[in-house]
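Each of the next two complexes has subunit A plus one other chain: subunit B in the first, subunit C in the second.
Moving on, here comes the complex of A and B:
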């Protein structure tokens, strides 16, 4: 999919109180100038209108089961992970996302 | 309403045998300021086993699971500094910011923490601070920050 088609980005998490909150808040800041809604939700209730899901690699399988048709970007490091940086750049530049 | 970061929940000279010990100490600090019931501490350890909370720059943010939220009495964080470091699945952790949250009261502070950790100099200042007032000041959300 193309970065310009992303309207809703979901940071999927387990508890929704720690690292995912931090990442979602960071992504909102980085994507402030783009028309993208960033939300964090538990991994088992990813909304159907999500365009792309970002989650820790440890939650990847659960995210896939929860949203089988949505592109999922997994990362290892909560802040500054190259996969997340690539996604942010693709959204900003309207370039291709390889999920 | 209790402060999100109580001075009593800050320890700058902590020593831990291993990761789980460090997490349990964070849990006890949160319990000590009345933020959580003791059962939350097990939830924190359990959560770490499923998804680690190492966030980079020598900092981990241990917290509980969705199931553990019932054990949270009020939103709070604790700050424990381990000057000798703790082996965290191969990362060296020198600072733990433990989290207990029912709602979104801690989101701004976490957002501030993310900003700090993305700047290596600020991250070092936080990691190496041996002064409680300075830690509180560093983590204070910027006044102009608009909650989202």
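Moving on, here comes the complex of A and C:
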């Protein structure tokens, strides 16, 4: 899938109130110039119209169960994870997202 | 940088199931944390032993804890199952377990709220195709009213007595642990559960409700501090800052701010998961912190959420500063000391940072697929672990 097709990016965490809010506000800043909506939700209620989901690897299975048809990017660390950086760059440059 | 090693959740894994169940429990409580904090602050201020004793305002304390908070939980639980209609019947049904109860009926609310919503959902499915056009509103309102009312009666008659037994049994169990000075051992379960992202489930699903029951009687509870103590995480991060793999050190100061001041503990879980033996550091720190809380008789008035040092300060009852801060500091110091030892006081940093960098190429992102195959993860961990047999 291509970075320019991403219109809605969901950051998911367990409660949708803590770490996901933090990461979402970071990504929102980084993607301010792109036409991407960044939202945060609990991992159990990822909305159906999400184009790509970002969550910690420890919650990957639940994200997959909750949004089986949406590409899921998992990361290991909350600050400066290479997987997240690659996603941001792909969206900015309109290149392929496929790690 | 950090592709090192994270145990991944598999689709059928027990862990994912427990996480999901815990997620539901925490999901009923967490959106309502603001109300818990309002209750905690009112209690700390206006009860006879509080900062500004005031009889008139203290009258707020009881209705909030016995009525408002359980109803909010039942409402939220109902909404999770069946939207706004589920929320309404969940709230109505919850009143059934609340009336006449002397203790806060959180457990009852967590059962009855979603149950009522589920029953309504099934009834809605049944009536949806059978309702004549123009009668939808009549049918919808009366099914919700009848089901809510019936489950409230069922709550008074059937659920409340059982929940009262279970809650007091659980409370007695905790009392027993405290009385026999065994509470620090809870860390052996709590800390590993925490880094596996069960932190909300443990704190808001289990400890919080028990803590509130205790706080009603004693004005404070140690149970709020078992999981949420920011000390052990701070110690682990400090150990990383000074002795961790060099590639990871620059990210640590920001993580400390977010964890200790912002209270988002998730930020340090990956640092533990990368080097799983560090769980010993957070267990030791957690146990030392709980021990300190017990010796000093510390407690908080409500759930500190998020688990930030500022939330701790705001919810410390009058005269309780010493014990609360001592417990946090001791926990941080112990987990720092153990964590530093486990990291070999930096002696291993060189060899490990190379190992980490070598693996940095094969990224950790996998699109729509289970993350990083276990086999590669295992390969990454082994060379890093080899140079330090003395620590096994």
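Worth a mention:
The rule we apply is simple: the second predicted complex is superposed on the first by the 98 of 99 C-alpha atoms of A that agree within 3 Å, B and C clash if a C-alpha of one lies under 4 Å from a C-alpha of the other, contacts with A are read in each partner's own complex, and residues count from 1 in each chain.
Keep in mind that, in the parts below, a contact is a pair of C-beta atoms (placed from the backbone, for glycine too) under 8 Å apart; a residue touches a chain by one contact, two chains touch by 3 or more.
Keep in mind that this is a model prediction, so the values were computed, not measured.
Once subunit A is used to superpose the two complexes, subunit B occupies space that clashes with subunit C. When both complexes are overlaid on chain A, the residue A:59 reaches subunit B and subunit C alike. Taking subunit A as the reference, the larger set of touched residues comes from C, when subunit B and subunit C are compared.
By the touch criterion defined above, A:42 lies against subunit B and subunit C together after alignment on the C-alpha atoms of chain A. With both structures placed on the common chain, the touch criterion links A:80 to subunit B and to subunit C.
Using the contact criterion defined above for the overlaid structures, shared-chain residue A:26 touches subunit B, although it does not reach subunit C. After overlaying the two complexes on the shared chain, residue contacts for A:17 are found with subunit B and with subunit C alike. With the contact threshold set out at the top, residues 14-15, 17-19, 22, 42, 56, 58-59, 77-80 of subunit A are in contact with subunit B in one structure and with subunit C in the other.
The part of subunit C that touches subunit A in the complex is made up of residues 1-4, 6-11, 13, 16, 19-20, 23-24, 26-27, 30-31, 196-197, 199-201, 251, 254-255, 258, 262-264, 266-267, 269-271, 273-274, 306, 360, 363-368, 370-372.
Every residue of subunit A that touches subunit C in the complex is listed here, in rising order: 1, 13-15, 17-19, 22, 42-44, 56-62, 64-65, 70-84, 86-87, 97-99.
By the touch criterion stated above, subunit B contacts subunit A in their complex at residues 47, 50-57, 61-66, 68-69, 99-101, 104, 106-107, 110-111, 113-115, 117-118, 148. Interface residues of subunit A, counted against subunit B in their complex, comprise 14-19, 21-23, 25-26, 28-29, 42, 56, 58-59, 77-80.
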